[in-house]
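In this document, chain identifiers A, B and C correspond to the written order of the chains, with residue numbering beginning at 1 in each.
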Amino acid sequence: MLVLIRAVIGRDLRLAMRRQADIVAATFFFIIVVSLFPLGVGPDADQLRKLAPGVLWVAALLATMLSLPRLFADDHRDGTLEQLALAPQPLGLIVFGKVIAHWLVAGLPLVLLAPVLGIQFDLANDALAVLTLSLLIGTPALSGIGAIGAALTLGVRGGGVLLSLLVLPLYVPVLIFGAGAVDATVSGLGPQAHLSLLGALALGGVFFAPWPTAAALRIALE
Amino acid sequence: MHWNSLGDFLAMGNHGLYVWGSVAVMALLMVAEPMLLRRGRKKLVARLKRQLRAERSEARAASEPLTTTRRSHG
Amino acid sequence: MSNRVINWFRYASPQTFYPLAGKLIPWFWALAAIFGVAGLSIGFLLAPTDAQQGEGYRIIFLHVPASWMSMFIYLVMAFWAGTGLAFNTRLSGMMASALAPTGALFAFLSLWTGALWGKPMWGAWWVWDARLTSELILLFLYIGFIALQAAIDDPRRADKAGAILALVGVVNIPIIYFSVKWWNTLHQGASVSLTKAPSMAAMMLWGMLLCALACWMYSIAVALMRVRTIMLERERHTDWVRALLGERE
């Protein structure tokens, strides 16, 4: 089982490395969106500190959105997906591997960039640490839940826009607990409660979401 | 009866705009929805009938040799 | 006993359900009208003024039923979606797609009446109250469901994809609701809750329940109307639809 998952992750990472331009574009999208906010609302440090968690988190949701359509589309086009669906191994496990690979390619860069971008918003060190930690815990949930939407809109016309329509409302709890953790740190409440709930969402998203995703893929392949 | 006059009823204690605004939109949409459905259904039935008729006359034309004159059907 | 089981499955086929629905629709309209007239006359003519909110509170006779229906319809929709996936019946998917627009309508009405209530009570058209916010997200979920089904041409695939989305949504709704509630208490949003009218007299409760029943009957009637249209459209190549159309010529 682990071998299978590792094989899927390895394969997806190799494919992603061949098309680095996509990863770079989504990452720069994240950087640019976050950097636009101070230009829009003014450079007042107090205000920026207050906005930072929400802005970074919303930008992370949108950046994830950008890379989701690719999750299954290429495999669908070249027929790999059909073979994977016919394989004796459960499709859910394969999806699980793909979700992990997607997080490594699309989620992890956001986590690594977050502290740098947080400095633009004049966040204190503890808030920066919690922001990064919240993104580290929360972005896997984004990949997991997003996979359901990606599978449902596979091969559907207008898929990209539709995908965001389906998935963004489902991201609301992740956004609330993720940005809330940073807010709670800033206001001195401590982020533990938020981070534990975020962890629960991430576990749910990564371990349960592959099964409805697999069902949606089978429907798309019929 | 709670109200003394029609004017009182319509004024709703100075909240008339809000109360009647809610009532009006809710009533409008709840009347519009079934009406739109009825119209959509009528259009669909008309379209399907047209298709059915076209199919039938095509099938008829195909089953008849070209040389025979058309008889009128019932 | 076995007879009854067979009967139920008989009604699950579009061919028998179509005329049955046609016969039932007028009855549901009649019930909706009766409950509506009764509920509205209690709410708007008989119920006393609320001590705190004045006459403006009468919006709850519209707002609360609309909110209840929007949530309840999503549950029913998810139930049909689940049966459709489990038993692969044609009717279930059609029922789910027939319910979605009505659910979205009630979600919108709930927001609209909520805003018109909020203005005199809170002094703002919109406050980020936990209930209003969740209702807004519920409306987004409905719109997503409708958009997904509209984007897929093959009705069987549209049904199944919609079913998965509805089931994922129904699992998420409580999570969304509690997260929004948590978020709201931390940010100290509005303290007045819409549904907690200060002194809920028995008469108010009756008015509200009757209005909710009226909305319920309305939803059934409208959903049956819509499901009949969907049936005709999808089954247009079957013999029974042809016979039905031919009969009317």
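Miscellaneous remarks
To be clear about the criterion, contacts are C-beta pairs under 8 Å (C-beta built on N, C-alpha and C of every residue); 3 or more make two chains touch, one makes a residue touch a chain.
Molecules present, by chain and UniProt name: A = Heme exporter protein B; B = Heme exporter protein D; C = Heme exporter protein C.
None of the values given here were measured: they were computed from a predicted structure.
The set of chains touching chain B and also touching chain C is empty.
Of all chains present, the one whose mean CA position sits nearest the global mean of protein CA atoms is C. Centre to centre, using the average C-alpha position, chain B and chain C are separated by 20 Å.
Here the CA centre of chain A is 32 Å from the CA centre of chain C. For the pair chain A and chain B, the distance between C-alpha centroids works out to 44 Å.
Partner chain B is touched in their complex by these residues of chain C: 44-49, 54-56, 58-59, 62-63, 66, 101-102, 105, 108-109, 112-113, 116-117, 119-120, 218, 221-222, 225-226, 228-229, 232-233, 236, 241-242, 245-246, 248-249. Chain contact summary for the complex, chain B toward chain C: residues 1-3, 9, 12-15, 18-19, 21-23, 25-26, 29-30, 33-34, 37-38, 40-41, 44-45, 48-49, 51-53.
In the complex of the two chains, the chain C residues touching chain A come out as 85, 137, 140-141, 143-144, 147-148, 151-152, 156-157, 160-161, 164-165, 167-169, 172, 175-176, 179-180, 182-183, 186. Put simply, chain A touches chain C in their complex at residues 148, 152-153, 156-159, 162, 165-166, 168-170, 172-173, 176-177, 180, 183-184, 197, 201, 212, 215-216, 219-220, 222.
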